[in-house]
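In order of appearance the chains are A, B, C and D, and numbering begins at 1 in each one.
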Amino acid sequence: MDKALLERKNLDALLVAIRKVAKLFAPARDGRDGETAFSPVESTAEIHLEPVNTRLSAKGLFFPQRETLMRFSGSALSDVTLPTGAFVVFGVRPCDARSLTWLDCVFIGGGQEDPYFQERRKSAVVIAMACDQPCASCFCTSVGGSPYGSEGADLLASATGKEGALLFEAHSDKGGEFLRTYADFFAAVDGDTLKERDERAAAAKRRMKALDCADLKEKLDAGIDSPLWDTLTKTCLGCGVCAYLCPVCHCFDITDEKRGAEGVRVRSWDSCQFPRFTLHASGHNPRPLKKARMRQRIMHKFSYAVETAGTVFCSGCGRCVRACPVNLDIRRILAAFKDLQ
Amino acid sequence: MSEAAMDQGWQPRIVAFLCNWCSYAGADLAGVSRMQYPPSIRVIRVPCSGRINPLFIASALQSGADGVLVSGCHPGDCHYLSGNLVARRKFALVKSLLAHVGIEPERVQFSWVSASEGGRFASLVEKVTEDVRKLGPQKKLAKVP
Amino acid sequence: MGDAAREIRRIAAELFDGKKIDVLIGFEKGSDGYRSRPVFVSSAAEAERLAWDATCSHNLAVYLPSLFRRGPQKKGAESAPPRVGVVAKACDMRSLIALAKEKQAPRESLFVIGVPCRGMIDARKLEAEVARAAGGVEVTALVDGEEAVSVETADGRALSFAREPLVHDACLECRFPVPRGADVMVEGHARPAGNNGDALLKEFAKLSETERWQKFQAEISRCIRCYACRQACPTCYCTECFAETNSPAWIGVTTELSDTMIFHIVRIFHQAGRCSECDACVRACPMGIDLRPFTKKIAADVREMFGFTPGFDLETPPPLLTFREDDQQGFITEPHRG
Amino acid sequence: MKNPYVPLPVTIDEVFIENEARDIKTFRLTFDRDEDRAGFSYLPGQFAELSLFGAGESPIGIASSPTEEGFLLFSVKRTGVVTGELHACAAGRKMGVRGPLGHPFPWERMEGKNLLIVSGGFAFTTLRSSITYMLDPANRGRFGKITAVYGAREPGELLYKKSIAEWVARPDIDFISTIDRQKDGWEGRVGLVPNVVKDLAPSAENTLAIVCGPPIMIRFTIPVLLELGFAKEAIILSLENRMKCGIGKCGRCNVGPVYVCKDGPVFTWAQLEKLPAEYY
């Protein structure tokens, strides 16, 4: 069984069943402005799937912003505990699910596995939710994704015309197993539903403005010394919003914290946009200017990653477009280099 | 300090920032005069109460202090003429802001003690200790790694 | 509003033609119809990009300190500071004065084009309204009317929303909607002065200690330490922030709650006597953290304790660099016996 | 699964002060567990993360040679938090080592070649490892003529003085140390490293140049070597960028498409030339 229909009335029961064996995360209200964040949820009433994506992507569920790597006592290691516990994430947008595959490249690939990330990936089922209402800031189709994309997801759920019923499609062994395990809650899918699904997918895609990214890498490589980097980043404030909200940005710091003899070695998100990121203890900084730092971020995503991982490291989720305090807009930067002669 | 209070068991840990010229000397006087006060304070000597950075206070609380006491020369008596007067404005704001976000006002206290006021110092420590003891251990800003 | 934009362009072009300024910081049209963005222009021709509408909410004074921060200068061969034009709402103007007072931007090097402010529209509020009505669609035209904001969407719909509910919280509370001390004023009408968040503060102060702590904790626990608040704040101009130094490492660099709370408490404290209550910090926050009950407190305390409101004059010394013999000291602990 | 973030326990066996300014010390470390000693197989040019719980980690080039068995040497300049703490450590202190990390110098390529070693200041550490390694009787025959130029600001700042004295006396290496400005009591050469190399004018024929030093030295040495006829591929450098994880995950040392930690720290000039100049 790789496709199944979940009727609205069964949704709550399914969640209850899932919660018996795993933690469940889904977009829930966060803060006073009505936006959402992945939170542990107990019932469907708490789940809010809005046109605007969650504030932060699902990245933090696999690569938490702060994570204890080990504990120490004096100068001796006292404990290394890897994360445990199965969890299910529901409502991950296709752009964010796709981003997980790139985090896999970084944390599991490269000849060295990161056990913390790996453990979480192994113990999670990712249920993506297709987008029927992509936002103005979204550009997934420009970077090879789609509002109904399933890359990185174990299952893709999508809305149907049938009174809130959701179509579930398995896209991995884990996803197939999920449908078998919870088969009691699901009904069979008919041809009309699948046809409707394709129409919806096409309609969602049509809503999106496409950015031509065809020979972007070549253009960026050629423009590495272009004065555009300066002019386009003049108003950048140098905060970490773009990197922290990005579902693919994965740079981190490792620091020790202690009180008395007891302490922890933790890793935490970091950003190449902070001057201290590359600052040597000597005071020397090989990337001292804002324009070089923004260049690093863009080049890493659209040129370096293409060389090292064979793909751009941007899923077009648009968070950096929406949340940049000065509206730098990554699409505008890319377009400027596309037009560079 | 009363026997009863001593018997209560839990002794708060209070970081006391004392200015070099007045309050530290006042504490010294309390000591050489063999005045009794609770063994709750850990003294950090600073050149002037004007040297106090609010971060000192925050760091003390984060490091697990149950209370913070800051004391300098009485207004008008500053060794550096006006260090304590400039500091007083900072202190007023810090005290108010910490209370505003919900940290018990008794946790962070400010006072003036001169070099001759050994008795005042001892009773100040007694008061602050009692205040903090009533509140119990400070957990709001304490960091436990 | 179109008139104001034209006027700003005209003044800017004149300043460049007359070689009065080297660079001008203003606004241009931003993305998706919801936003505008700060822009640096350096010629009369470039000034054509300048825009002015109801989404110009950034505080442009944030760019000033770095423009005037120059490396060590050879004695006798100091290069002249740049002459900078700035488009300023009242809040930008106040921050600019606060910076000038603290020698972060020489007032005489600035040419300020003041614009009265009707209250800026919160892009997120508008986006949410549009999304509710038509999905997350692009806005192709935005007309800022007297009572309503009308938009046209990329899929051809015309929508209209009441203006006031879309206005930034900071603007609703703004006590000084007209810039004072600009070099030239663009004509226009300003919104009536608000109450500066007094009501908000009073509400918060009514809560019990525990409730206040819980609210503070709940807001700050969502902080991701991206420092957008600090970076967007015009008067957070330190080149090295206490939150990031490693010797001494005042606080940890992660999102551990005590670290994050201390970061915010101290950052807000550092704005005493500087904060113009523009809410740039709140607007910049990608997590929608409501810092206002706390930022307003420090501003109110400075006003009430020291009689100082930042951003209006260059002469009065900053309140934390001075004192009065009779400053209140009711907070000083008096021990039981003397 | 091996956890790459967990340091191997080691003990500081001995601490040597290397320079007059007393801000560079060499630490001799021994493994606490036999299996770690056996498993720590490295070649000159690699580095390791020195770990002091409570202070953090610092990436440092390995100064000992694999031919020196039973211990590791690290020469550390006191600059930041971790190195500051390390300088306060005495023999007997327990600490951690994570490694070996990165790629060594290209030893297979270097076989049968003449080698020109150019170094300045404190960056000499992995070259001490290399020279010791090459001069080992079991290895010396694998390499041609070895010439080394090593400079420092003043005589007191030259590292490994005892070893240098030995090398200067040996016939199978041409070791030249130089200082920037004349100082009383110094009888050796005076001059900046790039100038000394220029004067020396070593043949580029069948020769690889290994260059380690401060950015300014590298910048001025490269043109000299190119002029002497060294191909870009024949100039080998070792970079130092800020690092955290050391295994190509944390992104800190990323320059262009490479990570200095896992793709380097050893690169040829031909490789570096193509990268944005964000490595010095």
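One rule holds for everything that comes next: contacts are C-beta pairs under 8 Å (C-beta built on N, C-alpha and C of every residue); 3 or more make two chains touch, one makes a residue touch a chain.
Since the structure is predicted, the reported quantities are computational estimates derived from the model, not experimental observations.
Enquirer: Taking each chain's centre as the mean of its C-alpha atoms, which one ends up farthest from the centre of subunit A?
Expert: With centres defined by C-alpha atoms, farthest from subunit A sits B.
Enquirer: Going by the touch criterion at the top, tell me which pair is linked by more C-beta contacts: A-C or A-B.
Expert: Result of the comparison of A-C and A-B: A-C.
Enquirer: Rounded to a whole Å, what is the gap between the Cα centroids of subunit B and subunit D?
Expert: The separation of the two C-alpha centroids amounts to 51 Å.
Enquirer: Hey, how far is the Cα centre of subunit A from the one of subunit C, in Å?
Expert: Comparing mean C-alpha positions, subunit C is 31 Å from subunit A.
Enquirer: Could you grab the centroid distance between subunit A and subunit B? Build each centroid from C-alpha atoms only and quote it in angstrom.
Expert: 48
Enquirer: If you average the Cα atoms of subunit B and of subunit C to get two centres, how far apart are those centres in Å?
Expert: 36
Enquirer: Using the touch rule from the top of the page, what residues of subunit C touch 2 or more other chains?
Expert: 252, 256
Enquirer: Could you say which residues in subunit B touch two or more other chains, in rising order?
Expert: If we look for residues of subunit B contacting two or more partner chains, we find 143.
Enquirer: What parts of subunit A, by residue number, touch at least two of the other chains?
Expert: Counting only residues that touch two or more other chains, subunit A contributes 253, 255, 257-258, 263, 270.
Enquirer: Every touching chain pair, please?
Expert: The complete list of chain pairs in contact reads A-B, A-C, A-D, B-C, C-D.
Enquirer: Can you list the residues on subunit A that touch subunit B in the complex?
Expert: Touching subunit B: residues 257-259, 262-264 of subunit A.
Enquirer: Which residues of subunit C touch subunit D once you look at their complex with the stated criterion?
Expert: Residues in contact with subunit D: 246-247, 249.
Enquirer: Enumerate the contact residues on subunit C facing subunit A in the complex.
Expert: 30-40, 58, 62-63, 124-125, 127-128, 131, 135-139, 154-155, 219, 222, 224-228, 230-232, 244, 252-256, 280, 283-284, 286-290
Enquirer: Which residues of subunit B touch subunit A in the complex?
Expert: Those in contact with subunit A are residues 63-64, 143-145.
Enquirer: List the residues on subunit D that touch subunit C in their complex, please.
Expert: It comes out as residues 80-81, 84.
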